[in-house]
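In structure tokens below, several structures.
The two complexes that follow have chain A in common; it is paired with chain B in the first and with chain C in the second.
Here is the complex of A and B:
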């Protein structure tokens, strides 16, 4: 076995107006082949009109062990949500 | 397509009871487990094995049908069969990617398939002898696969569940195109009807075996059910498949090759005759009629493709070097 073929993450935009969304990954030697493979593997049935491929190694992710300290503090900041504030019905929709 | 999944799986695990209880609590709350989350080693091993077998089944599953592409009876049938076989290749790739998130490499999985260490669904070790088999495989084999795969869309492991959602959407076309082929034959000349019946006779029992051993003999089922990798037992899925398929055969005027098949009013399903488990284990262990050919074909594809993989990497390296030189 020689060098391994790099892994790429594939993102597809279903149609204009929507964001590219992660759909999966694939192996390819370079970005040109990665795009061609992404087209064949992930868009056989009109799934989108634009593809991004990103080397998996280029992604920096948050640490799952720190999920609690990263994301739990938002749960007790209910004043960040509109429903925290009481507006009388007479005022109407706000 | 589908793999018998848990055959030979090793789901022993050695974490502390507190850790296992915490993990089980997440599973019971229907939380999805993602690749970087902490998980018991047995959970990881079971999934690597099951997803790997499933991926191998998709890839090997291209071979029995590829056998008929050049001999499809019309352009319509040929285009559909090509698209179906291409889908199976795509399904294999989604699944390999899902397994890779668990820390196993594509190369390791490929080597395990080629060395015979990894299993794939026993169904693909049967030969495709007539065009009717293209219909029967779509109808029964993909039909059985759908029964298995729909609950897998809710599997507790996120990447596997997401891959299965894509696969299930595409698999429905496979089953319908298969049934249409069988229907055309069943409503055709007497010779064509004989072809359809002969094909059903050969594929019925192997299709039932796709669901794996009876629950009483399936040693790894309980843990996989608890971890919500599996949602239904082998026998439950097999029963659903039989109940759905028998009326479809009746509509075609074909006979299911099981003299013991009877409607059981009390359970609201069909009772079926005994399954030949000796044959099942023989085929799973690599003694099926086509086992040697299948692995030989995969090995040839891998070996013949070696220069392409090497050339692509060399070309990528050359382009990278040029780009750096130009900067």
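Here is the complex of A and C:
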């Protein structure tokens, strides 16, 4: 099954102006069928207006063993969070 | 009543093919197609519902879409024979879908100019759905035809089995001819060139040849069906007939 229909990661953009977000994965023989399958599996309830599919094998992921050294050092740097000023409503999505 | 009969033929095509696709639910070769086929089936059943409802109102005898779908027998069903053909395997199902959508897309595009407002409304929605069905089923026909030895043999078998049902798509019954003359529905025979072109393009990529039909099987519009339709209707109608008037 996976030899003829490899795994693809699916990204959907819910609306114009927003970024594509990862929604899941699926099996398909090639990129054309992967896009159609993504449309059929992940956009049945009006979830979006644009789809990206990426071969899962093309994704380089961070090493779970390095989670501590990658992510924990940011925990005490609260000055990086933009919480010290108010964002005007007119700005919309940040 | 010609308009009623003509709309019923069209609605029956959509309901029966929609039901055939629904038979794959839970049985498809892969999860992705287990959603794709019922998705297409729901497109067709949605179209059938609007057409039944409209036909029932024009008839003026108080028959609802449920009455028309669930309380008519085999001889009263006027769908073309192509849509009732059994699913057989995935290749048969995809080719049948491709043939039907390749006909219905230009049909609905032409129906955008119908004199009937409801038909125009259905056409606007359905032509997009049919464009997708052509694309999805067409891509599968290409991959099956230009795939493995087994997939190529299966799609060739499907072409062999289904091509005698193609010509009936382009026939217009007396009722349909009246509706066509009134500008309510498109003239079926006019769509042949577009259908031929759509199929030729996909078949070229699929390494398939279109056989010339030695004869064409007809009869659906007169209510003369293959025995498989009786089985389909029995399954589709059993709940409604066992519990008349039941509601969700």
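Rule of thumb we're sticking to: the second predicted complex is superposed on the first by the 73 of 94 C-alpha atoms of A that agree within 3 Å, B and C clash if a C-alpha of one lies under 4 Å from a C-alpha of the other, contacts with A are read in each partner's own complex, and residues count from 1 in each chain.
One rule holds for everything that comes next: a residue touches a chain if its C-beta (ideal position, glycine included) is under 8 Å from a C-beta of that chain, and two chains touch if they have at least 3 such contacts.
On a predicted model such as this, the values are computed, not experimentally measured, just so you know.
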Legend entry - Which of chain B and chain C A:36 touches, first, second, both or neither: second
Legend entry - Chain touching more of chain A, residue-wise (chain B, chain C): B
Inset, instruction - May I ask you to decide whether A:26 touches chain B, chain C, both, or neither, giving the answer as first, second, both or neither? - result: both
Inset, instruction - Could you tell me if A:7 is touching chain B, chain C, both of them or neither one (first, second, both, neither)? - result: first
Inset, instruction - Answer with first, second, both or neither: which of chain B and chain C does A:64 touch in the superposed model? - result: first
Legend entry - First, second, both or neither for A:45, with chain B first and chain C second: first
Inset, instruction - Once the two structures are superposed, pull the chain A residues common to the chain B and chain C interfaces. - result: 1, 5, 26-29, 33, 40-41, 44
Legend entry - Contact footprint of chain A on chain B as seen in their complex: 34, 36-38, 83, 86-87, 90, 93-94, 97, 100, 105-107, 111, 162-163, 166, 170, 309-310, 312-313, 315-316, 319-320
Legend entry - Parts of chain A lying in touch with chain C, wherever the complex brings them together: 1, 5, 26-29, 32-33, 36-37, 39-41, 44
Inset, instruction - Using the touch rule from the top, collect the residues of chain A that touch chain B in their complex. - result: 1-5, 7, 24-30, 33, 40-42, 44-45, 61, 64-65
Inset, instruction - Name, in rising order, each residue of chain C that touches chain A in their complex. - result: 30-33, 35-36, 39, 132, 135-136, 139, 143
